[in-house]
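For clarity, chains are labelled A, B, C, D and E in written order, and residue numbers in each chain start from 1.
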Amino acid sequence: MQMGIVVGRITATRKDENLVGTKLLITQPIGLDGQVLPNPIIAVDTVGAGIGERVIYVTGSMASRAIRNKDAPIDAAIIGIIDSLEGTTLGG
Amino acid sequence: MQMGIVVGRITATRKDENLVGTKLLITQPIGLDGQVLPNPIIAVDTVGAGIGERVIYVTGSMASRAIRNKDAPIDAAIIGIIDSLEGTTLGG
Amino acid sequence: MQMGIVVGRITATRKDENLVGTKLLITQPIGLDGQVLPNPIIAVDTVGAGIGERVIYVTGSMASRAIRNKDAPIDAAIIGIIDSLEGTTLGG
Amino acid sequence: MQMGIVVGRITATRKDENLVGTKLLITQPIGLDGQVLPNPIIAVDTVGAGIGERVIYVTGSMASRAIRNKDAPIDAAIIGIIDSLEGTTLGG
Amino acid sequence: MQMGIVVGRITATRKDENLVGTKLLITQPIGLDGQVLPNPIIAVDTVGAGIGERVIYVTGSMASRAIRNKDAPIDAAIIGIIDSLEGTTLGG
């Protein structure tokens, strides 16, 4: 999984029928210090996340386990809201 | 999923038989501001996308859920046309 | 799999129900010389790893094999603690 | 899928028994303008591709759909020969 | 699949029980000219590879097809020893 921050929401009228009713959030990966990393992704929200919240997201085929519709073609899902983060910055 | 823009179309006479009849679109990932990112991919169109349109695409094994032929060896599919995008640019 | 070092822990009250009870560790990939590489990930601990320990982690759908709950939407798991590493640095 | 150009062939006597009889081609990803991108991969040829040809290749678990042997541990396969490519270069 | 060179071996006493008995080799990807690329991975050896040998390795869920234990959480496996490589360097 990765740490991310929700930065936007996408509207798409014409889409795969299995995506109807999903909330599609634009999420950018973040580093340990909260710095925003490049390459935003679109993730299906499964925990009621909002813009500006720091979240945990899963990518690849495992993302589909987070939603009820087992036919939906999704490769990213938000599966948690980060409360806190205890850690050490080691650089890198 | 990722945001992309359709930039071209590929013709291939000699190909896997399960790809016959698919529309193969060259799609480049885009960032929040619409800027085009490197490394175009080839995605199977499932929503009637055209060149120049901003789309949502899925990659990996989940892409195969977007098409009817469950034997097709595909790892990318366009699954939505972006109407609008509300968001905040956080840099990165 | 990749070599990593555990650098932190994440707390998330609101999360996928299949993640309840898992220990979510922030792990950074490391190189042959132990140098820390960018892009930390969040991995489910399955071997009792602690902060500062060098670990082996697996990513993608195979990570879910490391935990008992086969419905959990996880894409990274710590599956070993590195005792020692014999090798040659070839640069790169 | 990605666009690539076949640049070589690999011979391996000692190999997984499910790879016996496969043709393993070194393929480099290419961009819209045909420029060669870094990081060559090894793909199983399924369409009779030759060195110098521009091809479509699929990666990940879906690659295994392109071959008959469903036990073969492959993560990349050439599934088409590019005839032509109509498109617009948008930079990136 | 990718071309790599075996550069080391990892010992891990505390590990997933399905990894017991596997040989875990640190492998670095290599380019066409044999130059070593960054980001070493840990791969399960299935062909008797040794340090310094040039190998073919597979990543992702397909790697698990190369070993007998179908419950092992592995995402990389060495599946061939490179005898020779005929090719053209196109740069990139």
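The working rule: contacts are C-beta pairs under 8 Å (C-beta built on N, C-alpha and C of every residue); 3 or more make two chains touch, one makes a residue touch a chain.
In this text the structure is predicted, and so the values were computed from the model without any measurement.
Asker: Starting from the defined contact criterion, work out which chains touch subunit B and subunit C both, please.
Answerer: A
Asker: As a multiple of 5 degrees, what angle does the CA superposition of subunit A onto its copy subunit E give?
Answerer: 145
Asker: Averaged over CA atoms, how far is the centre of subunit D from the centre of subunit E? Could you give it in whole Å?
Answerer: For subunit D versus subunit E, the centre distance works out to 19 Å.
Asker: Per the centroid of Cα atoms for each chain, what is the distance between subunit B and subunit E, given in Å?
Answerer: Here subunit B and subunit E have centroids separated by 31 Å.
Asker: Which residues does subunit D have that touch at least 2 chains other than itself?
Answerer: Residues 37, 60-61, 63-64.
Asker: Using the definition of touching given at the top, classify the network of chains in this structure as line, ring, star, complete or other.
Answerer: Here the contact pattern is a ring, one closed loop where every chain has two partners.
Asker: Let me make sure I follow the ring: beginning at subunit A and going to subunit C first, which chains come in turn?
Answerer: A, C, E, D, B
Asker: What residues on subunit E touch subunit C, complex-wise?
Answerer: Residues of subunit E touching subunit C: 5, 7-16, 18-19, 24, 26, 28, 35-43, 51-52, 60-61, 63-64, 71-76.
Asker: Spell out the part of subunit A that touches subunit C in their complex, as residue ranges.
Answerer: 1-3, 29, 31-32, 37, 46-48, 56, 58-66, 77, 79-92
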